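One chain, chain A, links the two complexes that follow: it is found with chain B in the first and with chain C in the second.
This part shows the complex of A and B:
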């Protein structure tokens, strides 16, 4: 044990080693293989390493792939925005208004995580289907004259389902960060005359900003990479970039193109993961510039200088 | 200090001994496996099916019922582990990615078996080891012959039908072209497979020359795409698994689809209002399914695979498969064990009439081009 205590590099090795090995084998190596595959060619169902960029050229020159990419990014942003818009007030309510049994409220929000991804989607099909619960209810109470299929297999249904699935993931970091916002700061703001809204906007949200950013990123990543929900509840044209990647492996036998789509998706996800850090960096820069602008300028005195006696 | 030093030394000693032990065990395991590999090579032709620990079977939903698996498991004492395929290309991808060690028997259609043979993941079938081989329908067995060798044993065949709900579609369809009609608005489900292109090909008359169907030019694919895009408004969704299509019909989300006979049989069992349409322009909706033997199967499991294949094409085994899957068996003598109604339904009383105008699917010249066309159709159906 003294050996470990004496050498910091050994401590780092023992603490980070298992995770680094896991990351190397199950993250870095597969990504490397995906990049290598994306730059290969298929010759009669066999991969040939050629370090070719043809697959990437196909993606960015064919509107089928660029449209699907933009569709996935746009949908991801919408799902992220809606997930955060629902999660923030919910997290605020549980953190600041619920005095007892916060854990029960927390569990009720994240219970969707326990149900399973596919089960949630199938459940929404039962709710939104032509002979589903909502259509039946609306027909019973007379809002609809007959059951409608218009609630399912469209973009709205897909976004509803993805927000439901992503909300648990976006809620957790927002809630955790809000829990750490000291209540005394809110009381201090109130003492200084801030009303409830100003307390939330100028004290609570900036402090919870990092959690909100992380929650938004989680929701974006989940929606961006989803290829099951678009098939099961979206309209046929809802297919995103992930569907095309799967299709190249399942139907097209064009593994380099499928791998290239995967690499593009990894780059987009990495950019998304870097967004909170980029935003925080920009905010700090703006803050520094604003503070620099407010600081009084040093001016030369007009009074004659007096020499020391 | 002395105690600490002694404690430190014993810790180092324990660590070194542990590492040496792990290295020794690894070396022994490697020696063991190489010796078992060499003994395996010696026993290449003398595999014992009863020594296969389990028979990995990679097949389609409905093709592995208990009525087929249990008699084999009981006779040979070899459990069958089943995994389901979602598409032929998925099967090829999985086999090429190491599935040859996991599965000994793979069910695939000719358009998948041929690439599997090219990829080296399946081995030729020694038809002399299949007792019933000469009794099987020639039109189905020859679809698996490449370069003078047979790469799969034909198990069943059939036609992907047009399934429809007669309570919604009042006029029975007689052609794939009927799907473009106003009665089908928001009622159609397309199969997320480039098989959907055969519908457009049939509507354009390309199936009149079967040989060109699997070597379509980019101009022809574009024409098929444009024809399929005219289905906008009629197509409600796409399906990619039998279970999904069953649910779509059961919940009345769709009323017409290019489907599978297995799906139709399941819907009938659930007392759902469905019917099969007899379309005059079937096109490349004919299919055969064959069982291949994996190139990575051990000699014992290869012997077990042959035993399983032999069982599945006996009249009794083929009849059990047909009763479950609803697919026509490759052995006509299976009719002895089927009800007269089922014999008629499966077309065993007159196979050529049953096939009608259907063309058996084959491997296409450019799966990527066909797939891209399919994706462009799906993307344009909004």
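This part shows the complex of A and C:
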């Protein structure tokens, strides 16, 4: 006991060691193994390890895979844009318009969003199906002459469902940053004559920008990596890259190819995760260059000068 | 708001529907599908497997994530940010990646997919949940209380038991419940490494590939009620902190 008390590094080791070991075995090592498999080849249903780029070559030269990759990226961007477009007004409404019981509202939204992945899909299938609620309602009102099955199994249905699923990840970061926007800054802008829209566009959104960026990235990742909803509510013929990866393993066809698609997807997701940082860095750089161009002598920011004075 | 609540609402409503067809308008007033669901062997077995997976993975995740969260909060070491990000990665990466990479390990070690592999996949993801929750809780927790306890002669273990733990236990409890809810409906990772013993979402998924039966709605409603309870408890302890941070 005394030995442990005397050495802080030993305490750190005891606390962090298990997590480090778990992470090494079940986070790092599997990725390594996937990379290794992506460079192997299949010979007569057996894996043969070698340094081969065959699978990656297949992915980037065969239009089946490039098209699927493009489709997944495009769909991810659409889902990200839509879920931000819904989350931002909702978060703004709860943060700035709701005066009392803000957390009840927040809780209600969170509860609605975290209902569960499959449950959400089941629900939308009941809503959109041939005999389902929406088609039935529209028939009753008289917009449709007979119930339609055309609402399900297409790209629109898939995007609706994925936006719903993605909002659970995009709403929370956006709401958190909106909570941090000081109300008095909005009041100050109002006093200086900015109308409500200018207050939102020039004060609130730039301050909330990073949360919105993170929310968008989460939504993109959810849609990009989803291989279940595309086959259950989308058009199975135009699923995405994730489905191709899953089916290589499901049908035991070509494991190295499946692993290679996985590796490509990891790269895309990591790039997406780095996006907010890259954008912020670029914006700072552009800002600095602009300021530098305007005032070549005084490039320093205000803060050190005031503290020196 | 209607958009957000509609799917869950129809699942719950149609679980009481008399006709097996989910047509509009619903005719309510039967518990038939609930009793049928509980007679369905696959569903019951799935529920049992899911309960085992959830219980084991949540326990391991708390046992590993709790000390890790404390350690991250307390010590600075080279590569700390990288360490933290790596631990949180499984929560951020798509489930497909987690399942696929774990499957490549099983294949290359020539192991059979099994419930054990599912537990590993879930635990890896839940550790991230616990670590994130710990970071949120400890960020607003006043360290000077711990220092005071130690000045009064308490050792590290007594300090943790009598000062730190009472302050974080609600949040950990919340994180565990949230983790159980997440584990109970995890599908993307699970379907890669599942063996013979299907968990509940996998049973539901294979049912969905054929057709929706009202039994699925009944099961869905039961899971729904559980997640509602779990999430409201979690948001009472955790989400309020998250928003206040």
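Basically, the second predicted complex is superposed on the first by the 269 of 309 C-alpha atoms of A that agree within 3 Å, B and C clash if a C-alpha of one lies under 4 Å from a C-alpha of the other, contacts with A are read in each partner's own complex, and residues count from 1 in each chain.
Just so we're on the same page, a residue touches a chain if its C-beta (ideal position, glycine included) is under 8 Å from a C-beta of that chain, and two chains touch if they have at least 3 such contacts.
The shown structure was predicted, so the numbers you read here are calculated from the model rather than taken from an experiment.
Placing chain B and chain C on a common chain A by superposition gives a clash between them.
In the superposition on chain A, A:131 makes contact with both chain B and chain C. Using the contact criterion defined above for the overlaid structures, shared-chain residue A:251 touches chain B, although it does not reach chain C.
The partner that reaches more residues of chain A, of the two candidates chain B and chain C, is C. Once the two complexes are overlaid on the shared chain, A:64 sits against chain B while remaining clear of chain C. Residue contacts after overlaying the shared chain place A:179 against chain C, while chain B stays out of touching range.
In the superposition on chain A, A:232 makes contact with both chain B and chain C.
Look at A:164: by the touch rule set out above, it reaches chain C but stays clear of chain B.
Of the two partner chains placed by superposition, only chain C is touched by A:37; chain B is not.
Look at A:91: by the touch rule set out above, it reaches neither chain B nor chain C.
Across the options 94-102, 166-174 or 220-228, chain B meets chain C in a clash only at 94-102, per the superposition defined above. Note: residues 1, 125-126, 129, 131-132, 231-232, 249, 255 of chain A belong to the chain B contact set and to the chain C contact set alike, using the contact criterion stated above.
In the complex of the two chains, the chain A residues touching chain C come out as 1, 5, 8, 11-12, 14-16, 18-20, 22-23, 26-31, 33-34, 36-37, 47, 86, 103, 106-127, 129, 131-133, 135-137, 139-140, 164, 167, 172, 175-176, 179, 218, 221-222, 224-228, 231-232, 242, 245-246, 249, 255, 258-259, 262, 265-266, 269, 273.
Residues 1-3, 42, 44-46, 62, 64, 67-68, 125-126, 129-132, 149, 152-153, 231-232, 235-239, 244, 247-255, 257 of chain A are the ones touching chain B in the complex. Those residues of chain C that touch chain A in the shared complex are 1, 3-11, 14, 21-25, 63-65, 67-68, 70-72, 74-75, 77, 83, 86-87, 89-90, 92-98, 100-105, 107-108, 120, 123-124, 127, 131, 155-156, 181, 184-188, 191-192, 201, 204-205, 208-209, 212, 216-217, 220, 223-224, 227-228, 231-232, 235-236, 239-240, 242-245. Chain B meets chain A in the complex at residues 4, 8, 11, 86-87, 89-90, 92-93, 96, 115, 118-119, 186, 190, 192-194, 235-238, 240, 244, 247, 251-253, 367-368, 370-372, 374-376, 378-382.
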